[in-house]
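Going in written order, the chains are labelled A, B, C, D, E and F, and every chain counts its residues from 1.
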Amino acid sequence: MINVGNKPDTLRTARASGRLQAPAEVLERIRSGQVEKGDCLQVARVAGIQAAKRTDDLIPLCHPLPIHAAELAFEFTDDAVVIHAEAAVIGPTGVEMEALAAVSAAALTIYDMVKMYCEPEDLHIDGVRLLQKTGGKSQFSTRLR
Amino acid sequence: MINVGNKPDTLRTARASGRLQAPAEVLERIRSGQVEKGDCLQVARVAGIQAAKRTDDLIPLCHPLPIHAAELAFEFTDDAVVIHAEAAVIGPTGVEMEALAAVSAAALTIYDMVKMYCEPEDLHIDGVRLLQKTGGKSQFSTRLR
Amino acid sequence: MINVGNKPDTLRTARASGRLQAPAEVLERIRSGQVEKGDCLQVARVAGIQAAKRTDDLIPLCHPLPIHAAELAFEFTDDAVVIHAEAAVIGPTGVEMEALAAVSAAALTIYDMVKMYCEPEDLHIDGVRLLQKTGGKSQFSTRLR
Amino acid sequence: MINVGNKPDTLRTARASGRLQAPAEVLERIRSGQVEKGDCLQVARVAGIQAAKRTDDLIPLCHPLPIHAAELAFEFTDDAVVIHAEAAVIGPTGVEMEALAAVSAAALTIYDMVKMYCEPEDLHIDGVRLLQKTGGKSQFSTRLR
Amino acid sequence: MINVGNKPDTLRTARASGRLQAPAEVLERIRSGQVEKGDCLQVARVAGIQAAKRTDDLIPLCHPLPIHAAELAFEFTDDAVVIHAEAAVIGPTGVEMEALAAVSAAALTIYDMVKMYCEPEDLHIDGVRLLQKTGGKSQFSTRLR
Amino acid sequence: MINVGNKPDTLRTARASGRLQAPAEVLERIRSGQVEKGDCLQVARVAGIQAAKRTDDLIPLCHPLPIHAAELAFEFTDDAVVIHAEAAVIGPTGVEMEALAAVSAAALTIYDMVKMYCEPEDLHIDGVRLLQKTGGKSQFSTRLR
């Protein structure tokens, strides 16, 4: 784990997204609350926040970071539920991995809750990526999305 | 969390895969061990196994399962490192989520280790999905990959 | 940690409850979704399930148990939100502590989400107790509630 | 999880208490060390400290906080063991939930250790509440206890 | 993580020990309860039990095992506190690592509690090893304590 | 857990070492990659870093510390693999226990991976100790090793 002790504490934020591809009828179930295991987006939100907080447990070379914020948002397209996550910290290293971990955990959580309603080949997680980061020596913002 | 107490303990296995899309020069770094943070595939293997073991921590409605096996394998294509994970248990519920969690954690781990060598838009995780499951009431095997 | 290796694996269930005392206007906020941090009962449900699964982490002399079920339910009285939790396992030891841990975590979670809306002396957690257990050498069921 | 990044780091402390109601003979066992599972107050102290440190794991919308202090104290009344917990941090958000989590974990731990000596209806956890908090924009101190 | 799914569930036990070398005056402090941080052996006992339960978190290629028993004992020699740990499970793989993890965690815990009373070169952990294992295909018992 | 809130945040580092005694043929297996479970030093490195990050989970009275660095190195002698660990933080308390926890976890991990190749009496962990610490009110450096 590289030494970040010589990096200054600055405000760092990151925004990531990803999507769970699923059949239209499964998406409709999620949206209308017809999922036996519970409210998918509510459970996925909690899963994403918890994953952001324990990112360094999941990803071995990530530094432990007492993050200041983590939040998720969801939107639907015709063939997917899109997951957005943001994280922020005032610290010596960025929160890209925290945002990406939140997206991944939320996507897996929805997958788990709806897998009983379709075939495995109908579900896949795609496009998990960083949209924006601020703070540290490099800024970054993608135009897409 | 649904009650699986009335399901019989049977041998259940699952195989999942996913890929981290990355520029060719980054893939070459991974392959040739030119990554400052360490050996990506070795670290990702451990991350994947640990994620499989603590899947129920990451995914709220997953049951805790004392899994009997979890292993990862990696292969390279022109524009991605492909991650394969297998998990097995003798238990009342399947290990699909364990295999998918292993793939996701391994992909995020490699992402974290190489993100210093390219732009954020050059890295994304795609095609995280189940390839095969055995045991329980349904068998499943995809022909793809 | 006492040795449960000589106890037979039987179906064991437990049901517990507790209540978070809160002012009527806070209870109304919970019920009507006027809580800035999110949907209290949804978040508390996840917190309770996660706590049930990791009870042996929270309570040092509890055995690790791959529980088969954990679920929560909520009801409102004039001055409290009442939390019910059930847990089940087929194993050598009971799930009383799992049900009680679920109730406690859920109560603390709601407390955390609404504490900004009232004075600390207006919030307290009371009546955390076991309502019923089945399996093992002793059965138990309280008439109350 | 709300953003606390704009809040200043100040010294914040919190003090909470709660009680485990139990029959007099059970309380006498705790006091005199006649509990087969071990020394209840010693184990409960460790459980409380560990719970304070991992509060954000237990309570989903709590921020991770590298707390500076957590300690527990116990006293006996005629029908209960009363648990006091204090926590402190220099950080952007308070440690109320850390103190409350410590009390809850300690109460559950004692419950677990003595439940073999009485009926379930004889044990309940009551009065889990905040006694005092300092730091941040609001100070608070209850006169009771 | 190798596949243990084809191994039969049998009763497996393991006993391990290790010692924390420390100056006589430090050992006397431990014995007589003159350690500011608390009762060393009580805290170390809990640390050891918790480590046994989460061995697979600490040691990546260990299987998760819902262990049936874990207990510690301590004895003093002229220049060390000797830590003994036992673990048991009915499962497909042994509990050697659980017993060794318990010893290590207990030794580190005492180290942490007494390090303020002596120089670092006066403290070291030695002789962490397996004393006995039963169950599975191989039995083993050392004559040496 | 003692209160470190009045201690200043300074750069603190610690270096620890320990060794796993093993037969020459086992050491040769580790060195040459002839261990069925995988690459011992790679897995042990990850185990050590993860243990350093979660030291306060393993050792009850350790404070949670968002460490800035943790790294391991390995060397071979005739009868042992020697494990070195370093940790660093800018914080109110030292990282001695983090370095020692990293050494212990790495030693246990190698033990677990090679235990199938020799008798239990051939493996033991010795000499786990602090080599150097900097920062805080006391500096320390051992001449040995």
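Everything that follows uses one rule, which is that a residue touches a chain if its C-beta (ideal position, glycine included) is under 8 Å from a C-beta of that chain, and two chains touch if they have at least 3 such contacts.
Remember, predicted model here, so these are calculated numbers, not experimental data.
Any chain touching subunit E that also touches subunit F appears here: B, D.
The set of chains in contact with subunit C as well as subunit E comprises B, D. Set against the C-alpha centre of subunit E, every other chain centre is closer than that of A. Taking the mean of C-alpha positions as each chain's centre, the chain lying farthest from the centre of subunit F is C.
Subunit F has its Cα centroid 28 Å from the Cα centroid of subunit B. Separating the centre of subunit C from that of subunit D, both taken as means of CA atoms, is a distance of 16 Å.
Remark: subunit A and subunit F have CA centroids separated by 32 Å (rounded to whole angstrom). Rounded to whole angstrom units, the spacing between the C-alpha centres of subunit A and subunit E is 38.
Counting partner chains per residue, subunit F shows two or more touched chains at residues 1-2, 38, 43, 46-47, 50, 60-61, 65-66. Taken together, the chains touch in the following pairs: A-B, A-C, A-D, A-F, B-C, B-E, B-F, C-D, C-E, D-E, D-F, E-F. If you check the complex, the residues on subunit D that touch subunit A are 1-5, 56-57, 60-61, 63-66, 91-92.
Listing the residues of subunit C that touch subunit D in their complex gives 1-2, 18, 36-38, 43, 46-47, 50-51, 58-62, 96-97, 100-101, 104-105, 107-109, 111-113, 115, 119-121, 123-130, 133, 140, 142, 144. Residues of subunit E that touch subunit C in their complex: 11, 46, 49-50, 52-54, 65-71, 88-90.
For subunit A in complex with subunit C, the residues that touch the partner chain are 38-39, 42-43, 45-47, 50.
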